Structure formats: C-alpha cells, structure tokens
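Everything below concerns the one structure shown next.
In order of appearance the chains are A, B, C, D and E, and numbering begins at 1 in each one.
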Amino acid sequence: MTPSKTATLPPPIAIPRPALGPIARFLVAILPSIIGFLSLFVAWHVAAAYLVQSVLFPTPLATFGKGLELALSGQLWIQIGASLKRIILGFAAGSLIAIPIGLAIGSFRTFRKLVEPWTECLRFIPSVALITIAVIWFGIGEESKIFLIIYATVFIVILNTAAGVSAITPNKIRAAQALGATRWQVFAFVGLPATVPYILTGMRLAMANAFTTIVAAEMIAANAGLGVMLWDGRMFMMIEEIFVSLVCLGALGFITDRLFRLAILRFAGRFSPTM
Amino acid sequence: QSMVIATGVDPAFAAFYVANQAGIFKKNGLNVDLKTGPSGSTMASLVIGNQAQAAMSSEQGGIQNFNRSSDVVVVSEGTQMVGFHGLVARGHKTLDELKGKKIGVAKGTGGEAFWLAMLQNKGLKATDFQVVQVEAPEMIAALERGDIVGFAAWEPWLAKARRAVPNTVLVIDDVGIMSPRAFVYMNKPWVLKNGAAAETFLKSLMEASDIITKQPKEAAAYVAKQLNLDLDLTEELMPKVPSKFQLTQDSIKALQFAEGVLKEGGRLVKPVDYGKFIYPDLLKKLRPEAVSYEVPKS
Amino acid sequence: MAFLELKNVSKSFVSSRSRSTSLAVRDFDLEIAPGEFFCLLGPSGCGKSTVLTMLAGFEHPTGGEIRVNGQPVEGPSKDRCVVFQGDDSLYPWLTAAHNVEFGLRMAGMPSAERRQKVEAALGLVGLSGQGSKFPAELSGGMRQRIQIARALVIQPKVLLMDEPFGALDAQTRHVMQHELRKIWLATKSTVVFITHDIDEAILLGTRVGVMTAGPGGTLRDVVTINIEGERDRLDPAYTRYYAEVHGMIRDEVAKSVRAMAA
Amino acid sequence: MTPSKTATLPPPIAIPRPALGPIARFLVAILPSIIGFLSLFVAWHVAAAYLVQSVLFPTPLATFGKGLELALSGQLWIQIGASLKRIILGFAAGSLIAIPIGLAIGSFRTFRKLVEPWTECLRFIPSVALITIAVIWFGIGEESKIFLIIYATVFIVILNTAAGVSAITPNKIRAAQALGATRWQVFAFVGLPATVPYILTGMRLAMANAFTTIVAAEMIAANAGLGVMLWDGRMFMMIEEIFVSLVCLGALGFITDRLFRLAILRFAGRFSPTM
Amino acid sequence: MAFLELKNVSKSFVSSRSRSTSLAVRDFDLEIAPGEFFCLLGPSGCGKSTVLTMLAGFEHPTGGEIRVNGQPVEGPSKDRCVVFQGDDSLYPWLTAAHNVEFGLRMAGMPSAERRQKVEAALGLVGLSGQGSKFPAELSGGMRQRIQIARALVIQPKVLLMDEPFGALDAQTRHVMQHELRKIWLATKSTVVFITHDIDEAILLGTRVGVMTAGPGGTLRDVVTINIEGERDRLDPAYTRYYAEVHGMIRDEVAKSVRAMAA
C-alpha cells in the first residue's frame, strides 16, 4: 500500500475498542479533553493561590472576574477585534507569500541557493527587534503591524513547505516527468499537492507566531488590541489586565487553530492525513 | 553581605553606576549585583518579590508597586531632574503652531507625566492636539517619516531627535512646570532583617553622589562606561539629573502629584498611605537633616 | 537500425552505510529496433529495474552510454513513458480517473476529450465505474492497473514497463496481456517489458533477453521469438522457446543461490 | 519502491546534468549561494543609502565597522557567548522535553486529549509576555532566561513530532504489532525513528524561535548578551549596536543551523531524506 | 475443530469522496483447522486483502464475527504474523538484517542468538550477505523476501501472507515455495496464503478457497487438495484440481469484466 492509505485510516497506534452507544462514546471521547482543560485551570489556581502567592500572579478567578468586567463594558471586544484583524491579515498574507517561495526552494536547486541566504539569516532575527525598521518603512499605521505579523509567519511556512517538497517519493516526480509534465507542471501538479500536509503543519505553527508577534507589533503606536492591553497592564502594574490579555490570546489561538483544522478536514481532508 | 539592585539604563541612575564602577560598594563590604532592564519602573517591580532588594524609579513606578505590595517602600529621594523632559517638534517652534497636529506621547512614562503637567500649566486641553501613542525609541523614526510633527519625551531622546532630524527644535521643557524625581525603593522586610547592610547601601549611594557633584568628569566617565554610552552626550546629560538624597515636603508633593495623575487615569488601585509608603529610618540615621516632611493626612 | 541503444552500460550505487559502491548492472549491451516488444527476464535483484530506470532517463549510467533514436539520453521524456514496479508513483490526492488523465492534462487536452479517453482506458484495464475512487481505496491489483492505464492513455512512442502485471491474478493478467498485445500491434510503439513470468515474455515479446544473476547482472542471452500470428501455449514452437528460456533462468537462479551460499 | 528511497536519491526535481570537472562543479555549486549572500547585502546597502536614508537605518558598512570595533575590543564576544550559552541550553532542554511529549501525543489518543488543552493554549502566549511570570518562578538569574527559551522551543517541536507520528504509514505500525511489539515498543522502535525527519524539521524551526526569544529573555535583568546590546541600543539610539546585534543573531542562527544540518547528515542521514 | 473462524463476515468502507459506503467483503463464512495451509484465490479487487486484514485484527468486520481459537479477535497479536502486500511495511531506517530481527528484538532475545537466527532466515530467502543493505538499496523482489524472512523468523502460530511471492521471478518463487512448504511441514503452523497463482495454491494448500468477483466478494467454493506427499504438476490429480479451480476463477473474472462493462 502507498503512504496515501493514511488518508482514510484512523490514527495508527489506536487499538480498536469494543463498540459503545453513541452518547457514551461521545462522552468517553470528550472526557479527556475536559479533564485536560480543568487540569490547566486547577494547576493555575494551585500555583497562584498556594505555591507562588505573588501579587504579580493572580488566580484564575480574579482574572476571569476582570475579564468579565471588561467584556461587559465592551472594552474587551474592541481589543480582541483590533488584534484579530491584524493577525488574520498578516497571517493570510504571510502564508500566501511563503507557499510559492517554499515550493520553489524545495523544487529548484539554484533558486534554493539564491534565496536561502535570505531566509536562513532573516528567520533568526526577532520581530520585536524589527519594530524600529517597520516604523521607518511603513510608518506607525496598520501597515507596520501587519508587516511584523507577515515577517513572523513567512519563514516557518517556507521552511516546512520546502521540507515537504523534498520528502516527496521520487517515483511521483519521475512518473510526472515521464508523462510529459514540464518542470513547472511538476511543481504545480505534484510538488504542491504532495506538500499540502507539510504546508498546513507549517501554517499551524506559523499561526502561533502570528499570535505571539501581535504583542510586539502592538508596541508600535496602537490604540487598541490585546498587545496594547498587555503593555499598558505591564506599564501600570495592572496584573489582571495582563492575564486577561494572555488568556484571550491563548483561547483565541486555540479556537482559531480548531477552526483552521476543521476547514482543512472539510475542504482538503484527502491531502492531509495528519490533522 | 550581598544584594541585588535593579535599575534601568539611563543617566538618572548615575548614583548606582558610580557606586558600582568606582568600587564604593565593594569598599564598604557590599557585594552588589547590578541588574539592568528597559526602564526603572519595570525593574522596580522586582522589589515586590524580593528578587531585588533595591531599585530606583519614578513616583508613578513606586506608587504602582506599593499599590500591589506594601513591602515596597521609599527610603529616599534619589535624583531630581531638571530640564530632562521636553517637547520637540519639527518645523514648528511654538505650542500654538502645533495645535491640531499629531504629537507622539508614550503612555505611562515620564514623558506623559510632563505632557499632562504642561497642558495643565499652559491652560490647554488634550483635545487641542492629536495625541498618538508611540514608544520612545520609535519617536524619531515617526518624526523622520512625518507620521508625527513632534513628541513629548525625555533625554536622551530630545537631544537625539534634534541631532538626527533636520529642523527639529525644543519647543518647551519641564523647567518651571514640574521637577520629577527618582526615588530609591527597597524591600521593607529585607531592610528590617538586614538593617546594617541596608544602611551601608544607602551610605554608598551618598558617597557616589558626592563624587557626581564634586568630580563630574570622573562621574560622567563611570556612567558612560557602565552604559556603554557616548561620553559627550553623558557629560551633557549628567547636570540634568543631579543626585539628591533627601526626603522633603517637595518629595511628598511630587508623590502626591503622581498619585493624582494615576487616579485621573483610572490606574490607581487604592489611595496611598504615606505613613506606610515612606520609611525614613535609614536616611534619618545617616543624615537626619535631610529628612523634613510631614506625613499627609489621607 | 537501432532505436534504443545501450552501449556497454554499467551502473553502481554508493551504499549509504559503508560509502562503498556496489555494482547493480555491468557491461550491458543491447540494441532495440523501433516497434520491437522486448521482454527482459532475470533472477530477482539482477538489475532489471536499474536498466529500465536508466532507459527512462531517471538515473545516469556510471559507465557506457544510452541513446534513443541516436540522441544520448539526458533526462526523462514523455516519449518514454514508464510503468513503475510497486505503486508509490500514483498520486494519492487524485481519484483513479484523475490519475489516469494526468498526462493528457499536462499536454493541455480539453476536458471533454480527456474524459472520453480516460473512460476508454479504464475500461481497457477492467476498471470502468471505479474512476471516482482514490488509490487508497483500491486493491493492490487495481492500483497497478490504474498505473497501466495512465501510461497507455498518452500513447507514448516507447513504453517502459516494470512487472506491470505482477499484482494481478492469472485471469486478469491474461486479459491484460491480450489488450497490451492488441495495442502494441495497432500502434507499433516500442516496448521494453520487465517480467518474471516466462510465459508472459514468450507470449508477448518479439525478443526475450535473459540477464545473469545479480548483484551486477548483465545480459546473458537474447532469444528472438519467431511465431507468426496468435501465440498459443500448446504450439510446439512455443514450448521450445519456453524450455530454452527456462533453462537459462534456472541456471542463473542456481548460480545466484550458489553465490549467496558462498 | 517505498518512500525510503528518498534516503539515497538526490533532490527529486533536479534534472541530471552533464559531467564537469570537480573544481568547476564546486564553483557552479556554490556560485548561487554567493550571489544570494551578496544580493542580501547589496539590497541592504541600496535600501539604507539610497531608498530610506534614515539615521535609524545604517548601511552595512557602518554596521560592520561598528561590529569590527566591538569585536576587537572583546565586547562582542562576551555578548555572543552569553547569549549563545542560554540559547543552546534552552534549545537542548526544550527539545528533550518536547520530543517524548510529541511522540506520546501522536501515539496515544487519550494522552493527546489530556495534554492538547495545555499545549494548544499555551503555544499562543508570547514569551515576551511571560517575562514577569518567569521572574516570579525562577528569579532573575539564568534560570528564568533559559525557561523562556525552553518555552519558545517546546511547542514547535511537540507539534511537528506529533504530526510526524500521525504521518507514519499504517502498515509500519501494523507490522510491528503483528511482530509482537507492545504499545510501548511500537512507540519507541517505530514511532520515534519514523518521526525523526519531522522532529528535525521541528527542531530547526524551534532553533529560530530560541534565537528570537533570547531578545525577550534578555529584557530580564541580564548584564550581557546580544539581547542586552539590542535593548540598550534601542534605549540610547545606538543604531549601529542594534544592527550589529541583529546581524550577529542572523549570522549565528545561520551557522548554527548549518552545523545542525551537518551533524544530522553525519549521524542520522538515513533517517532524514529532507535535509 | 475450528481454529480460525469467520462467521458471516462482511466489511464495508466509507468512501472519503462521497461519504457513501462501499462493500468490500460480504457474507464470508469459513472455518480453518489448526495446522491447515489455506490458500485464497480470487479476481483482483474481490476482497482477499480485506479478509486478511480482518483476520490479523487490524480492521474490524462491519458485520459478522471473527474468532481465533474460540476467542473473538480484538486486535493484532504476535501469534498471527503478517506478510503484507506491497513493501511499505519495511522499516527504511533499519538494514535488511535489522528488519528481519525486529520481532526477535521485541521479544527480548539476546543479540547473539538473534544474529544466528537472522542469518539463517536470510539464507532461507536467498539473501545471505545482503543483510547490511537498507531496503531502499534492494530490488523489489529482495524487499519482498526480507518481509517474508521477518515473519518466518518469529515462528508464529498463524502466518497470514498476502501475495508474498508476487514480485519474484518464477525460479526464485519456486525455491521459496519449496522452503515455505518445508517450514510448514516441520512446524505445523496454520497458514492463510493469498495468491493469484493457481499453481502455487494447489502446490501449497491443504485447501484452496476461491472468492467471487468484487466489489463485495464472498467465498464461492473451497476445494480440498488431497494429494499425499510431494506434489507434482504432472500428476493427473494435480491437473484435475488445476482445471477445477481455473474454471471457477475464469467464471468470476468473466463476471467481473461483465459487471464492469454494464
């Protein structure tokens, strides 16, 4: 069988289980997730209330109280909206730029050698350090923030895409060549689809980078956003605000990631055994 | 006896640097680890958990920390700044010309404190200008690009902007508007436990302060070395941040002013109990004449 | 007049473990005329697939030269289409039908025409109506037939086939052999056909080459099959050829077993 | 042929070329890389000297001049040494923690459900925002800095490892089960080695995160390091210092990455077709 | 006394494209006694591999029940070792020898003993001296033999083999058939053996099952091969069995071709 078999089989090591009723099965299926989430909050509560006991480390209850207050006042939604818009724009643009570059790096040796010095040097430069440069080039408007998000997205997607291309079974490429595909067609009709699972993994990783970079991006002249909330909180020692912002980032990231995976399963399931 | 002190990177902390570089701490038997960070107020929060035993920071920084934990106390005033803050603008020379224009101000910094005080002093309203939130290091880039026409900040940004961006002048500085200070904060439980060391520490800072006033050239050299900073610029800036170890009625006023600003901004968690916030015992022992204030009724 | 020429071709691989080289094919000399159906037989591991890979242009000989129509082979070309051993050359993200139409699509054929040709090709390999399944949903034999349909549908000048019927049951294989022979008779394309089935070789080939045992096999002998018209297992000429080729291979397998025991 | 063929074949789409002499071949091989590097500096120079012309954006020459000065004074090496030590420790520890977790997530469904809420929420929280927490937990010494680097490394390696596990051809797992491997043995003898290429890709990606996070980590009470150099430079507008720090991060990252790839080819080449 | 029991087993897959289910095997009823050598024949795509996959415990039937030694099959077990169709179950990061010793290593056998067994197994499949090569450096037939050696070396109670000799040339295959029969006679393990070669089935099997054409094939007939001692293609009993089985399969392939044309 070809590796493609993965496309329709359940996760490999799972040992089949005796059958259960549908409701019982659903409960058994989500129970560990629920325990996982609960344990996260319990760990936080125990750490904050008993182990660390620092005024700089509020309990989940205090944080959620503050979060509720901000949510009711409408404040929180403004911040979330502002950040989310930047993240989505930057992430989408970054992925769109990165996928063709990654494919080309994986496919054309000369292109790889030409471009690798750029990608391989620049990807080690932190976006937080590029704030000044972003402002010089793009001013203090939205552009510079989105530029930083793009910057944080691009390299991970490039690298994963290129790795995917070089993992293609040679016979797939050879078959295409013998069927008359040009270099370009091999690239588009074999390289791209065979690489989809890698690209998607790269994008999932990059999404986290987009979320974490929003905080750096919103150091620049922003009036709203979760990053602003965080910096203000830090500046004015409003610890609860900091934690509300962190919880929002974590939760939004989690939700976005789930939506992303759902969309993939829905629209590109057959490309992607691993999600 | 070893201790950690936390500081920003700024000539306002000259007393720390000189005491460190000139070996005063060592001479007095203190093994000091000097930790630097982006700003005094960020670093001051290390005092809360006793990660650092002492720090120097603005009034706001201290009050916010005290709001969080009453372990953080003022032991002395440290620096009094004159002409350290200001407003620079490009292509405009007066406040009137700047009305309706974009001005960069960094939230929560001494720059904002100056901006608000200046508006009050001149009878202006914030709405007379378009205030844009910009971090200090990006002010110059934004000014250069024309995203803003001027900004309120502190040294060395004001000097740098004037040098780097053509047509940029100082519109107004803080002389006569406010005289912000940096205070020395310490962790009270630690002080109570290590009274002798705390005393030696403050004494060392005072010795450093003497060097700063009496041998400004040497002091500037120490500071420049510690901060890896241009000597010329350091020499230019040092007179604007003289070290002063005292606790006077003016100190209290400065703290109260900051408290007011915080309250207006909705950032004050609870009113300050000055009786608890100020711990004058160390300074009283070393230099009783420098302590002259009355605890305000709250 | 030679169409495919292998002149003293040899190929060695560098082992990834010891960095030592191992010889896969040596001193392979062969000329194939246009329109021939050349069958290549030989014990497992003697180098048959390696020869085919070089003919296709995927690998270069480490010694000697390969020419097609007088031109040295520089790389793969659509004129030399390949059916691979194993099934990892199918595209798991395409349905069976889309796999089959791949070559036509690359050539820019309009979709209506394509669909028609693909239907015909699927019918040829006994898989009409299965076109919408993905390779992972097909059996081993079905996947192999998809690969054959994919190659046949573009009607290449040269068809290089590596054990194309290996995963098929005797009967299906029989049907497929018949179809392939019909196509070859109709199009007069040149075929190089690797098999491990002597019957199949004699049934299909104009000539049958037998390789010596590997590692580092070479061409031992070439037998020209002179049977006019339909070939039949009961024909005495057929049995004679069978015995001849069978004898050669038995020798070689015996040699290879001996070589391994040594 | 199995996908394993990739292990010994040249990058797939490369069309074989006519033979050249060894020296000529070497030159042709490295020429594009050299052009790539040169173009990087030319682009920088043109941008700095002609396009942007900002005092905040020095030319490469000015930067290298400053770099040389700092290198000669010994300063630069102290900073590089301090940062590199933190990066290497954090990266190594992070990878060591992440690989088993990633393998377990990919292998055991229940474990995945239990742990995913943790990884999938935490990975969206920026390390720069964790500075305060790091200090509360680990003090202002080296520990808190290394903690941040670990934090930045861990999630990428976990995610890539888990993706690798679920991309294993089911027949490989099935074969092991039928050969009597216990769940645990399947995990160690099939899951781990089959996942090596993914783990390595994850580690390469994580390495960039370690480098970029050092800047955030060194916001905390550090006395030496490239991050310190950068923050000080930012505070005092010593633009050349900022750029020296960025160039060092880029170059060190590039070199480390090459060494990492070399080590892989040397010691684990057969696991890893893609590097 | 039945050792392997398939009671009215059926299996359908959910197609990833249309979310419709397609039937791969239906109403499969079979009992295999301990020590039997059961050969399964059938047209390509009829469901042979699917049956084996279920016997191994990798997939569950969607209808009916499978029991081994009276116990329902819950999952894979070392007692039922599998030789897979195709070669993607080999471990590309292990050498041939290490692939073969995998099962022994899992069982914790000491390395010296292991080495000896592996050498013997490699010799059995004609690959002594090739143990240090990686799968990617072996030919298709060699990889298949490594898989066989890997299964034989652990001496399982039940051996499930899916076209294990499919990629071998006639002669090598002959040698391997001989070896397998010897092993089976010596160990009396139970074998389920899928093949598409009627000769092979009659040569090796105690019984030969023929499946109906797919999709959704079932067991059509089971023929018990009653030939004592060595089996010989020239034996009239042998020819009779051949004709019988051949007839059944021809019918089924014809049916499947007709079904497809419809």
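Assume a contact is a pair of C-beta atoms (placed from the backbone, for glycine too) under 8 Å apart; a residue touches a chain by one contact, two chains touch by 3 or more.
Molecules present, by chain and UniProt name: A, D = ABC transporter permease; C, E = ABC transporter ATP-binding protein.
Since the structure is predicted, the reported quantities are computational estimates derived from the model, not experimental observations.
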If a chain touches chain A (ABC transporter permease) and chain B alike, it appears here: D
Smallest number of contact steps required from chain D (ABC transporter permease) to reach chain E: 1
Minimal step count in the chain contact network, chain A (ABC transporter permease) to chain C: 1
Interface with the most contact pairs, given as the two chains involved: A-D
Distance from the mean Cα position of chain C to that of chain B, given in whole angstrom: 83
Centre distance in Å when chain C and chain D (ABC transporter permease) are each reduced to the mean of their C-alpha atoms: 45
Distance from chain D (ABC transporter permease) to chain B - Cα centre to Cα centre, in angstrom: 39
Between chain E and chain C, distance of the C-alpha-averaged centres to the nearest whole Å: 26
Sequence positions of chain A (ABC transporter permease) contacting 2 or more other chains: 1-3, 5-8, 15, 54, 56, 132, 136, 169-171, 174, 234, 270
Sites on chain C at which at least two other chains make contact: 13, 16-17, 75, 84-88, 134, 136-137, 140
Contacts with two or more other chains, residues of chain B listed in rising order: 45, 49, 137, 141, 144
Interfacial residue positions of chain E with respect to chain C in the complex: 13, 15-18, 22, 41-49, 85-88, 95, 123, 126-130, 132-134, 136-142, 145, 163, 166-173, 175, 196-198, 214, 246, 249-250, 252-253, 256-257, 260-261
Touching residues on chain D (ABC transporter permease), where the partner in the complex is chain B: 54-56, 75, 132, 135-136, 139-140, 219-223, 228, 231-232, 234-238, 241
Touching residues (chain side chain E, partner chain D (ABC transporter permease)) in the complex: 56, 58, 75-78, 80-82, 84, 86-94, 102-103, 105-107, 134-137, 140, 143, 150-151, 154, 160
Residues on chain B engaged by chain D (ABC transporter permease) in the complex (per definition of touch): 4, 6, 8-10, 34-38, 43, 45-46, 49, 51-52, 136-137, 140-141, 144, 156-157, 160, 164-165, 227-229
Interface residues, chain B side, partner chain A (ABC transporter permease) - complex: 41-42, 45, 48-49, 64-65, 67-69, 104, 107-109, 132-135, 137-138, 141-142, 144-145, 147-148, 262, 265, 267
